[in-house]
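Letters A, B, C, D, E and F mark the chains as written, and numbering starts fresh at 1 in each.
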Amino acid sequence: MLFKKADAPYLKDYSNVQSMMLKVIYALIPGSIAMFWFFGWGVLFNLAIAISVCLASEAMMLKFRRRPVEPALKDGSALVTACLLALALPPLAPWWLVAIASLFAIVVAKHLYGGLGFNPFNPAMVGYVVVLISFPREMTLWTPPLGVAGGWPSFTDAVAIVFGSGISTQALDAITMATPIDILKTHINMEHDIEYVRTHKVYGELFGPVTGVGWEWINGLYLAGGLWLIKQGVIDKRIPISFIISLVLISNFLSVLDYASYSSALFHTLSGGTMLAAFFIATDPVTASTTPRGRIIYGAGIAAIAYIIRNWGGYPDGIAFAVLLMNMAAPLLDQYTQPRTFGKSEAKS
Amino acid sequence: MTEYALILLSTILVNNFVLVKFLGLCPFMGVSRKLETAMGMALATTFVLTLSSVLSYLVNHYILAPLEIEYMRTIMFILVIAVVVQFTEMVVHKTSPLLYNVLGIFLPLITTNCAVLGVALLNVQVQNNFIQSLFYGFGAAVGFSLVLILFSAMRERIAAADVPEIFQGTSIALITAGIMSLAFMGFAGLIKV
Amino acid sequence: MPAQSIKIAKDGLWTNNVALVQLLGLCPLLAVTGSFINGLGLGIATLITLVVSNSCVSIIRHWVRPEVRIPIFVLIIASIVTTIELAMNAWFHELFLTLGIFIPLIVTNCSIIARAESFASKNSLVDSTFDGFMMGLGFLIVLVILGSIREIIGAGTLFANAHLMFGEQAKTMLLSFGDNYPGFLLAILPPGAFIGLGLLIALKNHIDKKLKQPVTSTEATGDTPSPAV
Amino acid sequence: MNLHKQVLTTAVLLMIFAIIGAGVVGFTYENTYDRIKRNEQLTTLRKLNTILSPESYDNALLDDQITLAKSTLLGTTDNSSAYLAYKNEVPVAAVLSPIALNGYNGPIELLVGINYDGTLAGVRVTKHRETPGLGDVVESQRSDWILGFTGKSLSNPAENKWKVKRDGGEFDQFTGATITPRAVVKAVHSALLYFKKHRDEIFKQKTDASPVDKNS
Amino acid sequence: MLSRDKTWVGNDNGEHSFHGGIKLPGHKDLSTQSPIADMPACDVYTVPLNQHIGAEGEILVKAGDHVLKGQMLARPHGMVSAAIHSPVSGEIIEISNHRFPHPSGLAAPCFVIKNDHKDEWIERNPVGDDYAQLGSHELRGLIRDAGIVGLGGAGFPAAVKQTEVGITTLIINGVECEPYISCDDMLMREHADEIIAGAKIIAQIIKAENCVIAIEDNKPQAIDAVSKAINDDDSGFIELQVVPTIYPSGGERQLIKIITGMEVPMNGLPADIHVLCHNVATSYAIYNAIYHAIPLISRIVTITGHGVQSPQNINTAIGTPIKDCIEFCGGYRDDARALIMGGPMMGLTLDTDELPVIKTSNCLLVTTPEDMALPASKSHMPCIRCGKCVDVCPANLLPQQLYWYSADRDYDRAINLNLFGCIECGCCDYVCPSDIPLVQYFRHAKSGIWEQERERKKSDIARQRHENRQARQDKQKQEREERLRKKREALAKGKDSHKLELDKKKALIADALARVKEKKAKQPVKPKNTENLTEEQLEKIAEADRRRKKLKKERGDQDAV
Amino acid sequence: MWVVVITLAIISAAFGLLLGYSAIRFKVEGDPVVDQIDALLPQTQCGQCTYAGCRPYAEAIAKGEADINQCPPGGEAVIIALADLLDMEVKPLSAEHGVEKETATVVYIDEQTCIGCTLCIQACPVDAILGAAKQMHTVIESECTGCNLCIPPCPVDCIYVKPVEPTLQTWIWEQPIGGFAAPKAT
């Protein structure tokens, strides 16, 4: 008989942080395969670079902070950050850009705040935004998806673009293209309507029946992964649901008002990073609001801001900014959306 | 109507005084440790900022311009602001100790908030009329209050975080402000004027 | 006397540095430090203002009444700044253009009125003037360091536009770090300013910590706890 | 009585400092006034001289400033100003200030110098909000792209080549940023059209050119 | 009051009428295979004086006294307090500090009684069915004198809860939601009639209009027994309500919500909404007190877990060593790891089994790794703010926020987040993926807040005393000055006597000092109360001594100069 | 130039009158901050802060003459509370004023040695010692703040320090470790 001492309760359920993070990775797999299918080798390069830099910098920071390295590396949070960052970056981004974004994500956004659990801002999105504002040119290096304008570059070309600098502007111009959301916005700001873009001889090819070629697949698969995560109890359903519903409501309202210059709700939900954001990024538990009502507002807020920036702002897809802006609001939301405690009258203290 | 809405949108988000225009940073850093105090500061600043925006318009329009002594702008504005602030403080202190408890200690600090002089000078620079000045000042104040309150809520959370020792305190607060300003860059280009 | 001066100097340059410790005067500090030369220009302007305002306030310290103390200080500072502004516009016009709105805003640079209030209004003329100089110098150094760092990282150059201050021959001072440097824009944009200053402060904390470590350990061994009397 | 005295001292105190402050500032102002005026003019002139070489004209450019009414070709919604250059009283060139409306982040303000014969003397961007690092390559400090306009005219290149390469024209675009150059090219082209249409009017205005209020 | 029609159906969707809660594996079969066994008498019993919430009782006996079974050893002292009785006849060996099952592990006064194995009862006068003739006040007095405290866990004196303040509903709590524990289950199976009788007594005391016995749906035999007893009972105002198995539906507040749909105010008591809740064992104990005049000297304890050879429920006297109880159940198995008093969710690990069973010991759980893995190390991962804890918290709190501020000792904020609404059920802890001992943080924060409160009170008193003293001194000073002035005046006339007196005084003091020194030299002063000090504390005292010496030397030097 | 001087003179004179008048009209006395500060201090009255007691120290803080980190009995908790009240940065206890006690202490008087000189009574700031002249003295433990001021005056050295033992009522649950792996700098 040992007479071990411990603190009640002694029963624990099976969940742990590591398995949550791993499940997030599993759920990302179908969507990322689709991305690879449509956008080519660059996606894999991004993943490889981001993962290695993220893990290395995580280990380095833990060492500097004199914290145990192994358990923290094993928890898988840096891996999730790396994957999400890599999937958000354009497939032909040069290697150093991916590395800088990863470094910022892990070193500044995560570890300066104390590592897992303490960071107020979504690390992956901080990394993304830092390179977006610093290197806007490189951030537009999206390849046309499979089946459009010659599709994605060959392996050797991709290596040349990502790892070397030896490619001319002309050649680069030939194999890169903006994303559909971006193109639509810029043209609508030039007072062209959606129809014009969709039938345009250069850009028209990029569009499928609903949204950009390939994007509906990618988003659909992320959606599937996300639903699985909800089922597994890894993410809370409130954020994605309020995010998607708000986005649909806003975009539907405007597109009904002015069909010619506002895309349909379906376009918005299946374009760009919508589903990735809804299920994987906005749901980052550490940086989101944690109260039930707070989460609903949080999701809706991201949708609204993302939509505004997508349509009228200066940057292509507003999701990263929207996430960071709502991260900013999360502590305040938590403070003011405290649920009514059992036995307390509704009046706020 | 849209004009005023745009002024508000622009001053609150797109050209946020604190995060984009770099005005009013000292109180932003100095009184954001606690949410309650930040709210007091926000309230006080909103009052003074709006008032001084309007007053500076009047001073500029009815004293400086007719006498052609625009180069005295800074001196006149700051004098008016200092006096208004001092006066408000005294009145509040006497008449409403409760309000003074909330606002009092911040009022003197506001004289040296460059957002206040900044808004007065910018008003003249962009040639706002009276109503525009009012909105401009108010919008700037709301923008200031918004980020101040958000920032202080974040700082309260970060205060309990396991921040590496050398980054504790103002250092991590500045970095947080940096990331906030990064996020606010997302609003850039919303208003194409 | 020298002890007092040393303390003032140490305070201004390090222990109580306006920018790194008191966190005052942040607006110009962050807004104009996109390059070395901007930082230097504003630093000098602030330094001059601080010295002059501190001495003026010290001179008149016995005459002001509490209810008009702030308006009078502000008036003095504003006059000085406007004078400097006019002078700068006349003799360093281009620099004046780049520093823009921040010259008149020196008036509300909180560090100046803070120094007037907390030091100059309580100390002798000599001390106050020296304090103004040291505080200003501390501020200037931070401005210059931050400006240089941001310029190097953000644009890959150093001393760009030096001619604005030092005349045409200064164009040769320009250092450039590789023509292909893509420019890390973050550093010259607003977020970079905040983060840069945050890192500088962390660096200062680090140095302080390093400096303190051996000191405290000797203290601990050398000093017995004082009796509880 | 004592109270009255206290109030009065306060007032007098503040007044004394105000007088001293105002005196110093007023004095400085009066002694720097001329220098500052000259500085400001020099600044404008220097900018114009990057477009028109100082040898090519002999009039006081700043004095020959005229006001143009708003025009869609110039992209202006209000009066804009233009400077006229003469050599030996013969018109040499005009510098217009058109606005390119379709910039990525808003209007781009330009200075376009056009020789009397309709060729471009030079183009500069004076104000824009394009994305740093992307659209801002149109600034002369950032790249030479804008210098490429010098010498071009309505017929050189041909009308249908006044476009960026991506649209089948002759002007380079930048990778990832086609909007900005497209807007600039379009604005310069329109300015040439405007000049062609209004050239004679412009140069006629010289005589009744009204001095322009600096502050407006 | 009672929402009878709202018979609340729990289903697998986790739908239930209070927020949160978790489903736990029951493990109750382990100890329900055999009927309740009687624990044989042992030789020595240790009965702690303080086994309940409230003040310690007033001791009535002294060491060496002979006591009878059921004799009162301590009587309630003050409003909230409980009597203690001797579980056996025998001799009080000592009344001294001993450890007993308490989270602090501190020792507290206990009666140590040597059993004379005669089993001599003190004289008893059972009331029996005549209780119906007694008034509430008398009945409460009987219950109070029987030392009955709540047996559901908290040990709050039952009589205090039963004050008549317009209570309309009595709830008898047979839910027993914690895994492993089965004492209430077995009690209901075997003594349903007595429980009903007890409930009727309570109902009479508080003049209740309704009485509900609540049982979780995982105890079919208990349900059968109780419903049979209810049918047999002719009063007809007692009803049975089966509630779904969800932890912690047995918590008073949660159960009241389930049954009545009302919420007990956070800072209030069930009485505020006209409800009283008692555990079935409390009801049984009250029955015994009224019908048989048996005070609370024994209780049913579940001995269970895979770490004990033959798990079962035993009826054992208060004060029985736990070790003996375990031995009675066949002793430990080899892979036993921990001994828990109470259930796996709210129980307390004991670091020895040489402690007595007390009134609130409902269960002794001996775990093996098969039952549960106690954390290997004390460290845990940081909170990732996943919000799982929010979803399960039956008090609808934000455990993650409470944790954040409790860990940072930002007590004001924790209080604002209603830290004191936490019932320490452990649901949040159970689901937390980072394995944070949340409840422990909350307990620490709560006791820290109380500590702060005590300190504040203490400092207020100190301030008051200091101010009083100063006022007094000021007054004295004035008086002294007055006197001095007078004296001076007198002195001016003729001075001598005063000085003489002073010299005399000095001499006296010197004398005393010399005497003391002499004494000291002979036998160094032995400081008292310095046993049991830790090294550190000793070191501190020694340091203070040193300091004092040094100081004195300095002073001496000064004097010499 | 004269325009400027005159305008400014007029305006500032007007402002001066306004402020001068309101300074009298809206005069306020008293400072509630001192009470608030005093309420946070431990009231040990030990004087380690170099002031004559807690209240004088509170007054000094309110005036900005004393720093908030000079009270060793209050230790970190008081510093944090003061920083919170005054919106200042938390700083470590100033070493020159002493160190924070790890456990609370009180004193007791060795009854055999005490000669009843009353010197300790005079030293105790909170009247925690009972006894009359020439009789044995006792410390009322519940009132003793542990300031140790009574120790030096005792001529026969019979006052000793002892730690306050926790009881079932005053005992505190242990704080778990982990998560916040490095305890926050004090």
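Points worth noting:
The rule we apply is simple: contacts are C-beta pairs under 8 Å (C-beta built on N, C-alpha and C of every residue); 3 or more make two chains touch, one makes a residue touch a chain.
The structure presented is a predicted model; accordingly, all values stated were derived computationally and were not measured.
Looking at B-F alongside C-F, one finds more C-beta pairs in contact between the chains of B-F. For subunit D, the chain with the farthest CA centroid is E.
Between the Cα centres of subunit A and subunit E there is a gap of 52 Å. A separation of 35 Å divides the Cα centre of subunit C from that of subunit D. Remark: subunit A and subunit B have CA centroids separated by 33 Å (rounded to whole angstrom). As a whole-number value, the distance joining the C-alpha centres of subunit D and subunit E reads 84 Å. Annotation for subunit D: residues 9-10, 13-14, 17-18, 21-22, 25, 29, 104-105, 132-133 touch two or more other chains.
Across the assembly, subunit C contributes 65, 67-68, 71, 75, 78-79, 82, 86, 182-183, 185-186, 189, 191, 195, 225, 227-229 as residues in contact with two or more other chains.
Residues of subunit A in contact with at least two other chains: 7, 108, 114-115, 117-118, 130, 133-135, 138, 189, 314. Put simply, subunit F touches subunit B in their complex at residues 3-4, 7-8, 11-12, 15, 18-19, 22-23, 25-28, 84, 87, 89, 180-182, 184-185. Residue ranges on subunit B touching subunit E, taken from their complex, read 157, 159-160, 162. Touching subunit C in their complex are the following residues of subunit A: 100, 108, 130, 133-135, 138, 165. Considering their complex, residues 31, 33-34, 37, 63, 67-69, 72, 75-76, 79, 83, 86-87, 90-91, 93-95, 160, 162, 165, 168-169 of subunit B touch subunit F. For subunit E in complex with subunit B, the touching residues are 382, 404-405, 407-408, 410.
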